[in-house]
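Each structure below is given as structure tokens.
Shared between the two complexes below is chain A, which has chain B as its partner in the first and chain C in the second.
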Partner chain A sequence: MTTESREIVKRGKRTSEPFQTDKLKSSIVAACLSVQAPIRQAELVAESVCHHVIAWLESRPEVTSDDVRRIAAKHLTIHHPDAAYLYEQQPVTI
Partner chain B sequence: MAQSHTFDFDLIVIGSGAGGSAAAAIAAREGKRVAIVEADTFGGDSPNWGDVPTSALLHAAHLFDDARNASRFGLRTTTLGYNYPSIRAWKEVAVKRTGAGGNKKFYEGQGITAIQGRAHFLSPNEITVNRHHFSARSFLIATGSSWIVPEIPGIQDVPYLTPRTILEAIKPPKSLIVFGGDSYGVEIAQLMAIFGTKVTIIEKSSRLLPHQDAEVGELMERLLKDKGVEVLTHTRVLSTQQEALAKRVLITRGNEERTIKADEILIALGRTPNVDLGLDNASVAYTAKGIETNQFLQTSTKHIYAAGDVLGQTETKRNSTYSALLESRVSAHNMFHKASIAPDYGAAPEVIFTSPEIAQVGLTEDDCKKRDISINKAVAPLNIIARSNTSDFRDGFVKLITDKKGVLLGGTIIAPGAGEAIHEVALAIKLGLTASQLADTPHAFLSWSEAVRVAASRLS
Partner chain C sequence: MDIFASLAVITLAGLVHASFQLSVSVLTLLSGHAIGAQHSRRRVLSLTSSFVFGTVVITTLLLATIALVFNTLFGSQPPHVLWIVISGVMIAIGIAVWAFYYRRDRGTSLWVPRGFATFLAQRAKATKTNPEAFSLGVTSVLSELLFVIAPLLVSAAVLVTLPPLLQLVGIVLYVVVSLITLGSVWVLVGGGRSLSEIQRWREANKYFLQFAAGAALIILAVFVYTFAVIGKASL
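Let's look at the complex of A and B:
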């Protein structure tokens, strides 16, 4: 089973959607760039975080967006704490 | 009028081990619609990978060891041997006899819907298992714990065993390095040493069994050394490395670094609660040390309870199958009855199934020191009672602790059958008896329990 076949369950009556690695990667890169990280570093960090999230999703066919955000933030904190803070606050700031 | 919700079940129990199965059975007996979800093997750790198979293997090992050393009683033992695949087959028989081990039908027969898969909370009243969504009015989280893998350089590149996987070994390894000298490490070390493995135990504390009183660890260290086990206390592992078929471990002891090699490594450094099941989605408060509950085992989300190893350990509670079963029963009661009860761990015995057995109940001397409790203590060595003469066994003792009024607070027994003898001490502690009352209780001549009476009489 590929990670793209993992479902992200949405709150309320919204339909679930497949997990998209590119979407996660873009949001991590955006968070890193927002705290002035160089573009190449942002991409490398995003790849590492995506790798961990995908590994975590291996045994979980359905999770929530909050789960993905929490796991991504946990690993992003190791690489770039400032970006992780911003990434965690993203739903509030947008 | 408040809107009434309909749920698939009255109770969903996540985890079918000791922490979950008792509650599921109680709720089902009371006519509730119950489901139990298991991510691994039905029955959980105790019957499949923990107490039961380990105890079965230890039973065979101790029989073998006793027989091997029985020439002093006039028995001929020169042709004694063992067949490890047959010993493993015996272990499987013992697991099968539990009924629950790996048996989904055991639960279905009780009217419980048994679901195989990993549960993940989507919301406080809904979980997903294999893409199927299930809702319930109440939940019990009993996901247990997993073996800790330490952050040691090189450990991810070296195949290692845990107390779970070593039970499945085709044959005992020629040599074994055990990381951790607590109860699991000591049990497996003795088991493997009896079957001829050259065992080295690495423990960072100053003694084996650091959660027991000092004399327990010291005696066990001497007994293991008699069996050829090398015990390295005050020792830390710096790195591990694969070298051809062997494993090389760099350790530091004192200010000295050295390398030891063995065929296998066993990691028995304790367990960590399994809390990765979307608890945030259910607003259940938790830390890496376990799920937080009130004294009635209710989590921060009031319809979700937790029991067993997933709660982690506290000063008053040590994780054991007994504690998990107690918490499971207490949770089931609190979920469906108005008057809540709290689990009482005060007289919960702990047994380490080595030879001789080690059993402890209530407070240890170290516990009393930490709590600044004034105590009296007495130790009765086994060699002063008649049974030690007729069985030709002298290593062991009974240690009792009382408060200044003579009320029993704790007891430790190292003796053959200590796991049985400890229960009279447990009963005495639960009923608040004094050492004098215990000493006045008749004890049969030539029983190991005579040492309990002797220790109690020294405190009377």
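Let's look at the complex of A and C:
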């Protein structure tokens, strides 16, 4: 089973969707840019985080979007704590 | 109620309005998405300015409309029953603010139903143009009408008792004071301050703001009841 075929279960009544590396990467890049990180650093950090999330997904056929966010934030904290904080806060800002 | 007391009530009501956080939350998300999408600082400032302008316009319209309705129905001397109802509404909403304004989760999650919060978050992400940002500002104020109706009602009732020129001063005063928190976030974002700092401050102080808003509403209710109901009845 490839990583892209992992089902991500969404919160509430939204339907599940396959895991998309690009979607995760762009959200990590956006979080880094939101805290004034340079674009190149944001991309490198996003690649590293995606790598860890994909490795974590290998043994899991189905995960929730909250799980993906939690694991991504955990690894993002190592590289950029401010960006990780903002990334974690996004769903609980409103 | 003399002019000084009237303007003081409007100022305190504006502060209560300012302590409600839905517009600030939406502005934080809008700024984050705009910066994350690599828009220029000028573009980010333009979008956030449109958002703030939307909140200013709708707040002014709501206050002026409620004041017009009161003036049409009661003239420049609102009856005791109106002050009693407004005091009751403020106490009820003050207690509601204490009870459930913020959710007991981490972050700054508000009372807003989760489906609607998701809708607002998606709209903040999808906002690309100034008219969209303007309408998002309007929507964020209307979405919080359940709470902001209390300071709007008392301010409108006080406004109709003032002379025409001071009514305009009162409206401007209310709108400016109600913008304090949103305007501060707008200035900080425009000045390049990190959004994580702003969000950390909001998260750290959310229960204080919740307590302050609820307490201010109850104090305002007692003050208005004493001045406008008991004070007039004893004359």
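Keep in mind that, in the parts below, the second predicted complex is superposed on the first by the 89 of 94 C-alpha atoms of A that agree within 3 Å, B and C clash if a C-alpha of one lies under 4 Å from a C-alpha of the other, contacts with A are read in each partner's own complex, and residues count from 1 in each chain.
Everything that follows uses one rule, which is that a contact is a pair of C-beta atoms (placed from the backbone, for glycine too) under 8 Å apart; a residue touches a chain by one contact, two chains touch by 3 or more.
Every value quoted in this text rests on a predicted model; they were computed, and no experiment measured them.
Engineer: For the overlay on chain A, clash or fit between chain B and chain C?
Structural biologist: The answer is fit.
Engineer: With both complexes superposed on chain A, which partner does A:Q36 reach: first (chain B), second (chain C), both or neither?
Structural biologist: Touch partner of A:Q36: chain C, not chain B.
Engineer: Once chain A of both complexes is superposed, is A:R70 in touch with chain B (first), chain C (second), both, or neither?
Structural biologist: The first partner, chain B, only.
Engineer: Between chain B and chain C, which one contacts more residues of chain A in the superposed model?
Structural biologist: Between chain B and chain C, C touches the greater number of residues in chain A.
Engineer: By the touch definition at the top of the document, which applies to A:L86: first (chain B), second (chain C), both, or neither?
Structural biologist: A:L86 contacts chain C only, not chain B.
Engineer: Using the superposed model, give me the angle at chain A's CA centre between the CA centres of chain B and chain C, as a multiple of 10 °.
Structural biologist: For this superposition the angle at chain A equals 120 degrees.
Engineer: Of the partners chain B and chain C, which touch A:E17 in the superposed model: first, second, both, neither?
Structural biologist: neither
Engineer: Looking at the overlay, what does A:P61 touch: chain B (first), chain C (second), both, or neither?
Structural biologist: Only chain B; A:P61 stays clear of chain C.
Engineer: Shortest C-alpha to C-alpha distance from chain B to chain C once the two structures are superposed, in angstrom?
Structural biologist: Chain B and chain C, overlaid via chain A, are at closest 12 Å apart by C-alpha.
Engineer: Could you pull out which residues of chain A sit against chain B in one structure and against chain C in the other?
Structural biologist: Shared contact residues on chain A: 11.
Engineer: Would you mind writing out the residues of chain A in touch with chain B in their complex?
Structural biologist: Interface residues on the chain A side: 7, 9, 11, 59-64, 66-67, 70.
Engineer: For a test of understanding, state which residues of chain A touch chain C in their complex under the given definition.
Structural biologist: My answer: residues 11-12, 29-31, 33-36, 39, 82-83, 85-86, 88-94.
Engineer: Could you pull out which chain B residues touch chain A in their complex?
Structural biologist: Interface residues on chain B, with respect to chain A: 118, 120, 122-123, 128, 130-131, 278, 280-281.
Engineer: Touching residues of chain C toward chain A in the complex: what are they?
Structural biologist: 22, 25-26, 28-29, 31-33, 35-38, 105-110, 112, 114-115, 117-118, 120-121, 192, 194-196, 199-200, 203
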